[in-house]
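So, here's a batch of structures to check.
Two complexes, one shared chain (chain A), two partners (chain B, chain C).
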Partner chain A sequence: MSEQITFTIDGKQCTAEKGDTIVAAAKKNGVYIPTLCDFEGLKPAATCRVCTVKVNGAPTTACSATVSQGVEIESNTEEITNIRKAVVEMMFVEGNHFCPACEKSGSCDLQALCYKYQMMVPRYDFTFPRKELDATSPKLLIEKNRCILCKRCVRSSITTNGKSLFAVAKRGNKTVIQMDKTLAADLSEEQAKEAMELCPVGAILKKETGFVTPIGQRKYDAAPIGSDIESNA
Partner chain B sequence: MGKKITIEPITRVEGHGKVTIHLDDNNQVAQSRFHIVEFRGFERFVQGRPYWEAPVLVQRLCGICPVSHHLAAAKALDVIVGVGPDGLTPVGEKMRRLMHYGQMFQSHALHFFHLVSPDLLFGVDADPAIRNVIGVALKFKDLAVQGVMMRKYGQEVIRATAGKKIHGTGAIPGGINKNLSIEERDEFLNGADPLNIEQMLTWSQAAVDLFKDYHSKNKDFIDGFAEFPSNHLSLVRKDGALDLYHGVLRAVDTDGNRILDDVDYQDYLSHIREEVKSWSYMKFPFLTHIGKKDGWYRVGPLARLNTCDFIDTPMAQKEFETFKAYTDGKPNNMSMHFHWARLIELLHSAEKIKELLNDPDLQSTDLVAKGTKVNEGVGLIEAPRGTLFHHYKINENDQIEMANLIVSTTHNNEPMNRAVESVARNTIAGNAEITEGMLNSVEVAIRAYDPCLSCATHAIGQMPLEIDLYDAAGNLIDKKSRNA
Partner chain C sequence: MNTDLNQILDKYKGDATRLMDILTDIQTEEGCIPSDAVAQLSERLGISRVEVEQTISFYHFFSQKPVGKYAVYLNDSAVAEMKGRTAVAAAFEQEAGCTFGSVTEDGVIGLHNTACIGMNDQEPAAIVNGVVFTNLTADKAKELVAGMRAGKAVQEMVTELGDGVNSSDLVQSMVKNNIQKKGDVIFSTFESGSAIKKCIEMAPEAVIDEVKSSNLRGRGGAGFPTGLKWEFCSKAAEKERYLICNADEGEPGTFKDRVILTETPQLVVEGMIVGGYALGAQQGIIYLRAEYTYLKKYLESVLDDYRQKNLLGNNIAGKEGFNFDLRIQFGAGAYVCGEESALIESAEGKRGEPRIRPPFPVEKGYLDKPTSVNNVESFAAVSQILVKGAAWFKGIGNDKSAGTKVLSISGDCEKPGVYEVAWGLSVQEMLDMVGASNTKAVLVGGPSGTFVGAKDFSRKICFGDLATGGSVIVFDQSRDILETVSNFVDFFCDESCGSCVPCRAGNGIIRSTLDKVINGKGTKADLEKLTELGTIMKAANRCGLGQTSFNPVVTTIKNLPEEYESRLQEESPYVPTFDLAASVADSCEYVGREPNL
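Moving on, here comes the complex of A and B:
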C-alpha cells in the first residue's frame, strides 16, 4: 500500500497518497480546485493556470504539482480567487465566446467557471480575433473562435492507426489547433463523441446534431461546477 | 402653409419605427408614411454557421417573439435533414405545436391586456397619463391580473417545451429534444387556481365577450376606423381549417376570391416577391402574379380568419361563425377587427393546448426523425403577428450559405401604411390644431397590427418609435415622442 501523507488546504487537515497531484489530493478531501486543461487520464500540461494554488507561499499549478508531507496549501483565498477569475477573463477576451447560440452552453467548463467566479464584464479589452470555423470534415467540426488552447485534444489518445488527430500549428498568439481531415473522416461515431466531450468548451463539435440535451439536463444545470467534489467534504 | 406630422416613438408597439405625415397648404394629407429607421442584418450574421445552430441562433433576432423564429427555422431544417414538414414523429410535431400555442396564447394575451385594453377601456383620446397599463391595473384590477396570469401560463408552456421562457432550445432539426412529463402535464391541466387550463379557457372566452360588448357600443369606431380593402394571406390546413403551425399557403382578395390556393410553401419564391423603397428599411412584399401595385396583402389574425374555412375547436368555431356572419361570410377588412380575430385565436390556442395536454403522444420518447440531407429548405409558420418565412441554403460542409427571412410585420408593411393614411385623412386632415388624441389615433391604427419592429428590422433587442408633423416647407410643427 502506498504511503499516506498529511497536509492542509486553507487550514483544513487533509490526507492523501504520496504522489497524488494537488488537484487529485484535494478532491479526495472534498476540496474543489478548478481545472481546464487538466483531464483525467491525460498527462498534465499545465497550460491554462486556472488551478493556481500557493504551496508554502509559492504559486504553482495544482494539476501538475504533487503533494508532499506537511505542506500548507492556499486555494480559496481572495488573492487566488482573483487570479483564477483573471485567467478565465483572459480566455474570454482572447476568443469569440458567444454563449447564447453555442450548443455546449450549460455543459461548458469555461462558462461554468465564469459563473462560479461571477464574471460580469472582463477586466481586459476584447480582442475579437478573426478565427475560422473548419467544417470541412464530415464527422467533426472545429470552431477555433471558442478554442482555449488547453491542448486536451492534442494530448488525447483519439488516434486512427496511431496517428494523432489534432495538432498544434503556428506560435504565440497565432497558435491554432488543426484537425487532420483524412483521419477525422475515419472516426467512428463513438470516437467523434469522445472528442466532443473531451473538449472543455464548444470548439470540437460532432456534426449534424446539436442541442439534443434539453435545458435542465445539461452538465451544469442542476449544480455549479465543482459541487460534486465539495459535497464529499 | 402645408404641414408634416411625425409620430415618434409610437408607444405600445414592440420595437422602433416612425410615422411622418405631410400636410398641404389646406391642411389636407399630401403624403403619410410609416417607416423603419434602423436596420441590422441578421441574415448575414448566420452565414457560415452550422445549420443545426439556426433555430437557437436566429431566435435572438427578437426578444419578443423568439419562439416563432425558433420554430420556423426548425421547420426549414426539417426539410434540409430530409424529414420534410410532414415527416416528424407524433411527439416531435405535437411538442412543437404545444410550444407554439403557448407562445400564441401569451403573445395575444399580452397584446390585448397590456397594449390594447387602455384604448378600449379609457377611450382613444383619454388622458395619456391614465390611458396605459398602469391605469388599467389601478381601475380594472381583475382584468390586469388576468392579463398577467394568462401571459404567465403561456410562458410556462413555453418553458416546459423549450426549456426556457425566452430563447430555449426545444426544437431541433427533425424533431424536439424533450417530451412532456406526466407531472408537467398535470400541472397545466389541474394546477392551483388560476394557473390551469380551465381558468385559461374561461378567461379567454371572457376576453372575446369583452371585445364583443365594446364593439356593440362603439360600432362606428371599431368598424370605420382604418377600414380599407385588401388581400389576405396565411397558411391554412389542407382541408381549409385554421392552422397556426403548418399548412399550405392561401390568399383571398377583398371579395373572398382565392387568388392563391393550396400552394406548397417550399415554392414561395415563385409566388411572393419583395419590393424595396428608398424611404424605409422594411421591404414591401407582394403576390408576384398580381404585381406590386395591387398584390400586397395583410397577414395576422384578421387575415387568418379571412382565409380559413373553419376552426377545428368548438368554442373558437362558435365565435368564428359570429365573426364571419358580421361580414356576411365575406373577408373582413376592418383594421380594428384584428383585435376581435386575435381574441378568437387566443381562445383557439387555449383549446388546442388542452387538446394536446390530453394527448398521450406527448409522453412518447421517439423524439427525432431522420432522413436524407438536402441543401435547401423553407419553413413557414403562422406567428402571432402573421406568416413568418425562413429560408436557408447550406453548403457541402453543413454551413449556412444563404438565409432569407420574411417576418410577419414586413408582410403588413403596406397595410400599416394604408391604415396610417386612412387615419391621417379621416382624423387629422382639415384640423387647425393637432391634439394628442389625434396623434394617438395613428398609433391605435398601427397597434391593431401588433407590429414587431424589432423583428422587421432584424435588429437585436428592442427599439423605440416616433411620429412627426411637417408643413409643406419641411418645417417640423408637431412631434410626439413618448417613451415606449
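Moving on, here comes the complex of A and C:
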C-alpha cells in the first residue's frame, strides 16, 4: 500500500496517499475543489485556474500540485473564493455565453460554477468578441463562442493515425482551438461522441442529434456541482 | 514552394523537436510557411496539420501568408514611439503604398509592427530581412523604400557601421554598442580560456561551491541564486543534462545581452563551458532571440574558435571525459519564451507555453532531462568569478546583491546606452549618471517591473528594492505616462501565451478598463478594480508574465496617481463605459431622429 499522509484543508484534518493531486486528495476527504480543465485520465493542464488554492500560503493549482505531509491548504476562504469567482467571470466576459440557447445548459461545468459562486453580473465588462463557428466536419460542430480553451480536447487521445485532431492556434487573447479538417473528415461516431463528452462547455457538439437530454434530467439539474463530493464529508 | 523541404528536414534529421529551426529556414527561404509546406511537414513529422500550425501561429516571425520580399519589422514599443516612430511609420506607408500589417499588391514590400527589438538606445529602429536599421527618420525610411523598389540587397542599404565588433566583417551592422560605463565584472579585462583552465583544476562540486559562495543571483530579472540552481541540477538522478543560455532578452527596454554578446561573447561561452563541467552536462544551447539573427555568423565563429582551441567539444583542454558542445537555437518572436520553461518548450519545437512547475527544469527540463537555464550576464559573471574568486565578486555591490549589473538605459536622457554599475545605485544617482533632467518617472525592470515617481528616486536599484533584469526607461515631464502604460498593455495582450484564463482574459480587461479611463469615462472604482485584478492575476497565473503584466497599470496607480486623477469622472452610481449618444448617432441619422438621451 502506498504511503498515507496527513494534511489540512481550511483547518480540516485530511488523509490521502502520497502523490495524490490536491484535487484528488480533497475529494477523498469530502472537500470539493472546483475544476474545469481537469479531466480524469488526462494530464493536468492547469489552464483554467479555478482550482487555485494556497499551500502553506503560496498560491498553486490543485489539479496539478500534489499533496505533501503536513501542508496547510486554503481552499474555501474568502480570498480564494473571490479569485475563483473572478476567474469564472473572466471566462464569461471573454467569450459569448448565452446559456438559454445552449444545448449544454444544465450539463455545463462553467454554468454550474457560475451558480455555485452566485455570479449575477460579472464584475468585468463584456467584450462580445467575434468568434468563428466551425461546421466543416460531418460529425462535429465547433462553437468557439463558448470555448474556454481548457484544452481537454487537445490533450485527449482523439487521433487518427496517431495525429491529434485538435490543437491550439495563435496566442494572447487571439488564442483559439483548431480542428484538423482533413482528420475530421474521417472521424468515427464514437470519437465524435467522446469529443463532445470531453468538452466541459457547449463548444464541441455532435451533429445530427441535439438536445437529447430534456431539462430536468441534465447533469446539474438536481444538485449543484460538487455536491456529490461534499456529501461524502 | 520552391524550397527543397527534404533538404531542410535532412539537415535536422527529420527531428520534430527541431521544428523551430525547420520553420525558420522555410520562412527565410520562402518569406512565409506555405500551406504545401505545412502538409509536407505534417506528413514527414507524423503530426497533424493543426499541430504544425500551432507552433507557426504562436511566433510573430512565422507567417502562413507572405510577409513581402522585403519584410520591414518596425519596432512599435513605447520608447520607439517617444523617439518619433509615428513619422517614420507614416513615411514607410506613404512611400511603400501599403499600411502596417499588410504587404504591397506586388508582394515586394511588407510593413509589420513588432515588439521591442532590443535597440531602445537607437530608436526608431526596424529589422528588414534580418538586417537592423537604427536611428530611423522619415527621410531614411524613404531612402530604404527607394532601395527596395530598386531591388537592392538589404545589406547594401547599410551605409554606416556601428562601433566595436559591429563593424567587423562577420557582423557588418549599423547597431551601436553605446557602452557608456564599464564596470569591474562584465566589461573588464578577461583572458580567453582562463576560466576553463581554472575550472578543470577543480572538482565539479567545488566549481558549484565557488559560484554559490559568490552570491551570484540570476541576471535575467528573477534573481534566483545561480549556484543553487546548478547544485539542484547537478544532484538530479539523470546523467544526461543540458545547459541553456537564455539570450531571449525580450523585456521592452533591455538590450544589454546584445551588447555583451557582441563585445564579450567569450565570457558567456566560457561561463557555459564551466557550467557544463560543473553540472556534467554534455550539450548546451544558446537560445537567441530572432531579432539578433544578425549576430549569428559572428557567434558561430566564436564557437568555432573555441572548438579549434579544443575548449569546446570532446576532452576539453585535454581533460579526459570533459565533453561539452554548444549550439545556437533561434527564437521566432515571442516574449514569453524568456520564461525558462517556455524557452525549453520552444527549443523543443513547440509553442512557448510555460510549463507546470514542479517539476522544475533542473529536474525535468529540455527533452525532460535535468536542465539549468541561466541568463547571458549570469554566465559572463561566472567566468570572472572562477578567475578572480567568489570573495572578490562579493566585495562588489551590496549585502543582498553581489557584483555588478549591466543596465540598459533609454528614454529621456542625454546618454542612453549600456552601463555596468555596482548594485545599490539610487534612482537619482542613475539619473545623474545618464544626464537626465526634469524627470517625471522611471520604469525600473521594464513593463513587468515598477514605475517610480520623484518621491521614490532615493530608492535603490538592487534585489530587495527595485530589482531589474536590466531595463531602465526614463520619462521626462513632457510625457503622458498613460500613453506608455497603454503601449505596454497592448504588448502583454499580444505576448500572453494564451493558456491561463486570468492572463489571457485579464490583460484584455486591463486594456478595456484603461481605455475607459483614458477616454475620460473612468472613476475611482475602475482604478480599484484594476488594482484588485492585479492581486488576482498575481495569485492565479502560472508564470512571471501573467504575475506581473498588470504592473504598468498597478504601479502607476500607486506611484503616479496624479496621472490618473485628472481624467477621472466624479463618483456616481452609473458611469457608462462608452459614449451612448455617439454610439447611436448613425442609427438616429438613418431613421431621421434626434438622439434623445
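As a working rule, the second predicted complex is superposed on the first by the 233 of 233 C-alpha atoms of A that agree within 3 Å, B and C clash if a C-alpha of one lies under 4 Å from a C-alpha of the other, contacts with A are read in each partner's own complex, and residues count from 1 in each chain.
Assume a contact is a pair of C-beta atoms (placed from the backbone, for glycine too) under 8 Å apart; a residue touches a chain by one contact, two chains touch by 3 or more.
Worth saying up front: this structure is predicted, and the values here are computed from it rather than measured.
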*Put chain B and chain C onto chain A via the superposition and say whether they clash or fit.*
fit
*Is A:E103 touching the first partner chain B, the second partner chain C, both, or neither of them?*
first
*Dominant toucher of chain A (residue count), chain B or chain C*: C
_So in the superposed three-chain picture, is A:L205 touching just chain B, just chain C, both, or none of them (first/second/both/neither)?_
first
*In the superposed arrangement, does A:M179 touch chain B (first), chain C (second), both or neither?*
second
*Could you tell me if A:E40 is touching chain B, chain C, both of them or neither one (first, second, both, neither)?*
neither
*Could you look at A:R49 and tell me whether it touches chain B, chain C, both or neither (first, second, both, neither)?*
second
*Following superposition on chain A: angle at chain A, chain B versus chain C, Cα, nearest 10°*: 120
_Applying the document's definition of touch, where does A:T136 land relative to chain B and chain C: first, second, both, or neither?_
first
*asked:* By the touch definition at the top of the document, which applies to A:I148: first (chain B), second (chain C), both, or neither?
replied: second
*Which of the two partners, first being chain B and second being chain C, lies in contact with A:E190: first, second, both, or neither?*
neither
_So in the superposed three-chain picture, is A:P214 touching just chain B, just chain C, both, or none of them (first/second/both/neither)?_
first
*CA minimum distance (chain B, chain C), superposed complexes, angstrom*: 12
*asked:* Identify the residues of chain A that lie in both the chain B contact region and the chain C contact region.
replied: none
*asked:* Show me the residue ranges of chain A that touch chain B in the complex, using the header's touch definition.
replied: 100-101, 103, 133, 135-136, 141, 205, 207-216
*In the complex, go through chain A and note every residue touching chain C.*
44-50, 52, 54, 59, 61, 64-65, 82-83, 86-87, 90-91, 93-94, 123-125, 127, 148-149, 151, 159-160, 162-175, 178-183
*Can you list the residues on chain B that touch chain A in the complex?*
48-50, 52-53, 55-57, 60, 81, 162-164, 167-170, 172, 177-178, 368, 373, 397-399
*Note which residues of chain C are touching chain A in the complex, please.*
42, 46-51, 53-54, 57-58, 334, 351, 356, 358, 493-502, 504-509, 512-513, 529, 533, 536, 539-542, 577
